[in-house]
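Structures for review follow.
Next come two complexes, and both contain chain A; in the first it sits with chain B, in the second with chain C.
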Partner chain A sequence: MGKILIVRLARLIATLFAVSLLTFLLVEQLPGDPVIALLGPEGLYDWDTVERIREELKLNDPTLVRYGRWVGDVLQGDLGKSYITDQPVADAIRDRVPVTLELALLATVIAAVCAVPIGAFSAYREGGRLDRLLSGFTTAALSIPGFVAAIFFIWLFTLKFNWFPSTGWNRITDKGLWANLKTAILPASALALAPLAVNARLIRADMIGTLKEDYVLSARAKGLKSRYILMRHALRPSALTAVTVFGLQLGGLIGGTVVIETIFALPGLGTRLISAIYQRDVLMIQGITLFVATVYVVVNTAVDLLYLALDPRIRRQ
Partner chain B sequence: MPKRAPFRPRRAPILSGTDKDPTTSTASDSKRNGLSAAISDMPIVVKLALFWLLFIVTAAIYARIDRVTGQALPLQDPFYQPFLFGEASPIEGPSAEHILGTDVLSRDNFSRLLHGAWVSLIVALTVVAFGIVFGGLIGAFVGYVRGRAEAVTMLGLDVVLAFPPLVLLLALVSIYKVRNLTLIALVFGVLGIPTYVRIARASTLAIASREFVQAAEAIGTKRAAILFREIIPNILPALFAYALINAGFVIVIEGTLSYLGLSVQIPEPTWGNMINEGRRDIRMTILPILWPGLFLTLTVVSLNLLGDWAQQRIAVRSSAL
Partner chain C sequence: MKKSWLKLVAPLFVIALIGAACGDSDSDSSTSSDTESSTETETTTAAPETEDTVLEAGTEAEGDVDTEVEEVAEESSYGGSVIIGLEAESTGLRPWEDACSSPCLVMMTSMIDRMVERRADGTYGPWLAKSWSPNDDYTAWTFELQEGVTFHNGNPFNAQTLVDMFELQKVGAVAAGVVSAAKVGEVVAVDELTVKYVLTGAHSAFPAFLYGVGLGGVFDPAAANEDFDGFSMNPVGTGPFMMESRDLDNETIVVRNPNYWMSDGDGNQLPYLDSISFRPIPDEGTRLDSLLSGTTSMMQTLRQGTIRDARAAKADGADIVLLEFQGNNVGGGQYNNNNPPLDDVRVRKGLTQMNNQDAVIEALGGTGISLPGTQWFSPDSPWYSEKVAAAWPKFDYDAGKALIEEYVNDPERSDGKAVGDNIEVELSCPPDPTLIAAIQVIEQLWSATGMVDVNVTNYDQQTHINYALGAPPDFMGEHGAHCWRWSSNDDPSTYLNTAFAPHTLGVAAAYGLDGIFSPLNFPNYFDIEMFGWLVAAIGTDVFEERYALYEMVMMRLARDVPVWYSGHTATMLATESNIVGVNGWLLPDGTLGAGFPSAVARWSQVFIDG
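Take a look at the complex of A and B:
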């Protein structure tokens, strides 16, 4: 196990290096010039200034030299500054992460809270009408694209019922928890649909196995109520797998919020990334992509390691 | 195993007229009478899904026929031009002339949907074709030959797969100023290959340790022949089943990218950019959003249902292999 751990960590670091190089090369290909983007149209007439700024920002060095310098800075914890707003990239990320993280957390909670009863009841009524109904629901939830669901929610809950605002974000620190939740609940629900369906299916499959155990039979023989058996005897052993999966989905969700944030105009990492792409804000794109990819890779490695720890059969392969 | 109607009479062997013992039915057997038997075996929901997909494919081709013949066909808006305004009849409900209504610019929703279907279809087909051909070949090769080639390939895959899919696509697609269908299909196609390589390699690892491969090696068959005759035919079903699920995923991602305005550009209609344009006018009419949303969802549901069903059948078959 120790050896596997070291190999995996080495691969993780190698992957991150390659990811950063790929991002750097990709961003390099973006059309447009960051200096022109910075100066606006006047830059087109004033080549001396453009040249001077290019020199200042050391944009004239060869790609690999700049990549090396960037990696060196990143290793010292410096992600550089935005060419456009002069804001340090690390600050921008620190600013935006809470929104994205809250969305992902809330989506995970919604997915978990809805998935447990759906999974439990369809397992209890395996093959029955309720089971088929719920499995139809999970298939639909899994298939509806997040952005379609989001716009449908806006139409229904904002335009028809006017329960929630359609766009914008209230920070907890400014307006309190309730105002914050009002702006967060729609995007989080749209984000939660897919993991909800996945979790409900997982719990169902897991509990169908658990319900066949002898101790469930003996609980039934004792005359305990079905609901009590379901919640106390069957759900508990299944909960461990479920909780693990919930936790791990969080990493994937952080990458998945980009569109949802754009639709609801939320000040999260995703909208910052999109605006950076439109503005050719090279260091910002690199910083955010590296951050998101790092979270993603670390979580995926954690999943692998966790599976290894939980299921010894995989280790031998 | 899934509940496949246990006491349905086995019609297939009778239809095919072979007097083979049904207990020894093999892969090649099911291939001969495969299609009709497979379809009659389907649960009703999966049949509906298949029907919907056939409808979408037909609709997409139908939408483009007038590009070849130069003439509008029935049900297509005769005034329809993807990039011009329609006849002056904005925001109509469904009528005989515009069966799904019109949008704010008087464009016929149905015609736009059909053209959007073509975009989704082409992108999905490109990804599946690239994935199965290139991904399948690379995966089968590195899975069978192993060694250094495998290690390098897998590391490369790890890098590409380390990006959340949408983020990499965003960065890659925004490089290009002109984004037409060919470019988008190619970018999607190339980025789709890695997962197919993974699946092909994993299936190959399982197949390569089977007795019939060892037997072929023992009698001195060339490795290339084993790869093409023993291994690739046996990993194909898994790849095709994955392709169905993957096509649904690709259609969603393309729609998302379209929604962000980063896929095929307006005025060319796609389901995603229809939703994006309709979003602006959501207070006036929901129809231009509702239809593409519905088409997207139904198509993805259908692909998922069909994919799940195919995967279950393959699980049955490969356990008998």
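Take a look at the complex of A and C:
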């Protein structure tokens, strides 16, 4: 186990290094200048000031020199300051992680909670009318982009029913759990739609196989209730694929909240990342990308380890 | 089995949805205040009294909208809060350091007062500066300041404040450019409440620069020096509201300044509101939905398509007020006058005459909202000229095509191609859906001649600007035909003199104007005679003389066509129907203010009716 962890850690570091270098080089290739975003058109009239600011931000240094300086700072725990807002990147990430993380987790929970019964029930009624109906639902959920679902949810739950606010974010620490959920439930639901459908299908496919196993037939022969058989005997071995995908999805959701955060005007990492890209705020882009990549890699490492825990056969291998 | 599964699934959604829906509401925004305040009582005051003036804030548009600035008729009252949805988050709130466009100004001006304000008739009037006068040659301006003004932290505002501010402004990222354009050399405290701006050259419209927040936004220099970065999150001004909390990209809340220096016409201290919440909502659709659903009580937009949708919602019965403004800002684009074939006036004029303004405005969603532009000034502007409107080369496809044909068949054509070869034009706009639709219209019109190969490109806003700016030291830009917005509601000198100064040091030297050049001359167009008119216009304060000079400038643009126009930019503030005072605020001298230019509200006199 220890060896596995060391290998995983080495891969993690290598991945993060590659991601950060690639991001830096890609952003460098973009035309545009953070100083223009910083000054606005009027500020450009005084070119001495423009040049002074470029020097202060060390933007005139060669690309690799600036990258090397950034890596050195990161290794000392300093992600730098935003060119545009002067806010420390670490502070920006710290302020926004709770929003994005909560959205991703809530979406994962919604996806899991809904996918398990949908998948299991479809499998149990394989080929039946309800199975076809639920399969139709999952196909539709997969086909509808998250932003379309988001707009539909706003129309239905805000404009028609007025149940939830269409925009804004109530922080748990400021306004409590219910107020927070009120602002989180619509974006999280829109975000959950696609993973919900994928997971329901995976569970259904796995469970169809599981339900044909001898031990399930044996349980039925003993006269156990169907719900008991599904939940206690069939679900666990049918969940391996879904659990793996859940991990991938959680990482993906953290990066994938960008559009949803923009539509619902949420103060998450995605919103900040979009602004940073438009403003060529390189250090902010680097910091957020590094963070998202770290979470992605760590989550997937954890999922791999969970996989080992769930399936004794893999552990023995 | 079926029932047991339904029992399991159904409650999960119901609990999540209904449970969350029953939580504390955060959307009852506009009718009451959550803050404990002595002014939260039923105090009512008479509306500020003014002469019965009704002036156009922008061009009259069709439909059930309010485009006029007019005296407030309702009884004002204290208390309540407004939640406003903004187009974007402000990157910073330091007037001298952070670039501040419309959404930022909505927020900043709640806390930062300007030195001067603009009246509904387009002139400049008092705010923190009580009065002013120039010397004989307009190289020095003396300002008398309001008495008894203090900053949010209790520090006094006086002449020394402006001297100390200038130390930051002259090296400020944003303000340094304004200081250069305004030719400010020195700021001198004459006495406690008198300050003199000494210029390095004549400028008869200098007070216009103190209307802009870069130079005229008053902040506490002591607080700025104490915490330079922190000031961005917690600005200290003399404004009617003070920072309460700032959650970037989510919500910024400002609360009533109990010591605000200004009173209404009856002596009741301003402001009326207890607090304002600013929420950046970048998506146009959800910003409007937020207003219609009551999540917010007010919104701004700079998009004609959103104005169209808001009008439709109002027509469907939404209880909202639409405050539309259509000032001097005009959309369109610029030709890179330095690059063939756009260096030839026949090509520029031909392309412009083949550009169907009405079709472009329709593609932008502005039909019935935005008027076609013929110059940098809208028909309501005191600078507008009928003569220029008549002279501007309007849509005449055949005439435009003939000009292109003449160029194409000219053996001396500037692009060096063979006679009969098509010309190549790059047409570029930022990737906004309505802008893309608009340039598709232009592209089809130009391409249909069979003589123009149009290469359409879309870059994000920063790249778009950078592409036109070019690199030092020449700043020539590599653009071709490039979408752009022109003009503003400020004095013409504040933008025309930088827009058409020599575009390179070499051009300046060639005309004996050593050192005078502007990277902001994006079309790379310079006409020494026209530049002379621009300089002459800041050497006199006689309106008729200045009008004649700016008319000549616009006539020259109509002749040489370095830029083209689509329509005047319509902007809008939409509010719940009980929010009053956005379009009827007064200056300290009792004259009517400019209303809501470019969707920027002034907050001190806004109140909630009932």
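By definition in this document, the second predicted complex is superposed on the first by the 266 of 317 C-alpha atoms of A that agree within 3 Å, B and C clash if a C-alpha of one lies under 4 Å from a C-alpha of the other, contacts with A are read in each partner's own complex, and residues count from 1 in each chain.
Simple rule for what comes next: a residue touches a chain if its C-beta (ideal position, glycine included) is under 8 Å from a C-beta of that chain, and two chains touch if they have at least 3 such contacts.
Nothing here was measured: the structure is a model prediction, and the numbers come from that model.
Chemist: Following the superposition defined at the top, how do chain B and chain C come out on chain A, clash or fit?
Modeler: Pair status: clash.
Chemist: A:18 in the overlay: touching chain B, chain C, both, or neither? Say first, second, both or neither.
Modeler: In the superposed model, A:18 contacts chain B only, not chain C.
Chemist: Contact-wise, after the overlay, does A:292 reach chain B, chain C, both or neither (first, second, both, neither)?
Modeler: Touch status of A:292: first partner only.
Chemist: Classify the contacts of A:154 with the two partner chains as first (chain B alone), second (chain C alone), both, or neither.
Modeler: Touch status of A:154: both partners.
Chemist: Please indicate which partner A:70 is in contact with in the superposed arrangement: first for chain B, second for chain C, both, or neither.
Modeler: After superposition on chain A, A:70 lies in contact with neither partner.
Chemist: Count the residues of chain A touched by chain B and by chain C, then name the partner with the higher count.
Modeler: Greater contact footprint in residues on chain A: C.
Chemist: For A:258 in the superposed arrangement: first (chain B), second (chain C), both or neither?
Modeler: Touch status of A:258: first partner only.
Chemist: Please report the chain A residues shared by its interface with chain B and its interface with chain C.
Modeler: Shared contact residues on chain A: 30-31, 151, 154-155, 159, 262, 278.
Chemist: Which of the residues in chain C end up touching chain A in this complex?
Modeler: 1-2, 4-5, 8-9, 12-13, 16-24, 26-27, 85, 89, 91-92, 98-101, 171-174, 176-181, 212, 214, 229, 232-233, 247-251, 279-283, 285-287, 289-290, 292-296, 459-463, 465-467, 469, 472, 498, 518-520
Chemist: Please give the residue numbers of chain A that touch chain C in the complex, ascending.
Modeler: Residue list for chain A touching chain C: 30-33, 36-49, 51-53, 84-87, 92, 95-96, 110, 113-114, 117-118, 120-121, 124, 130, 151, 154-155, 157-159, 162-171, 175-179, 181-185, 226-227, 262-268, 271-272, 275, 278-280.
Chemist: For chain A, which residues count as touching chain B in their complex?
Modeler: 11, 14-16, 18-19, 22-23, 26-27, 29-31, 127, 139-140, 142-148, 151-152, 154-155, 159, 252, 255-256, 258-259, 262, 273-274, 277-278, 285, 289, 292-293, 296-297, 300
Chemist: Mind listing the chain B positions that touch chain A in their complex?
Modeler: 3, 155, 158-160, 162-164, 166-167, 170-172, 174-177, 248, 252, 255-256, 259-260, 272, 275, 279, 282-283, 286, 289, 293, 296-297, 300-301, 304-305
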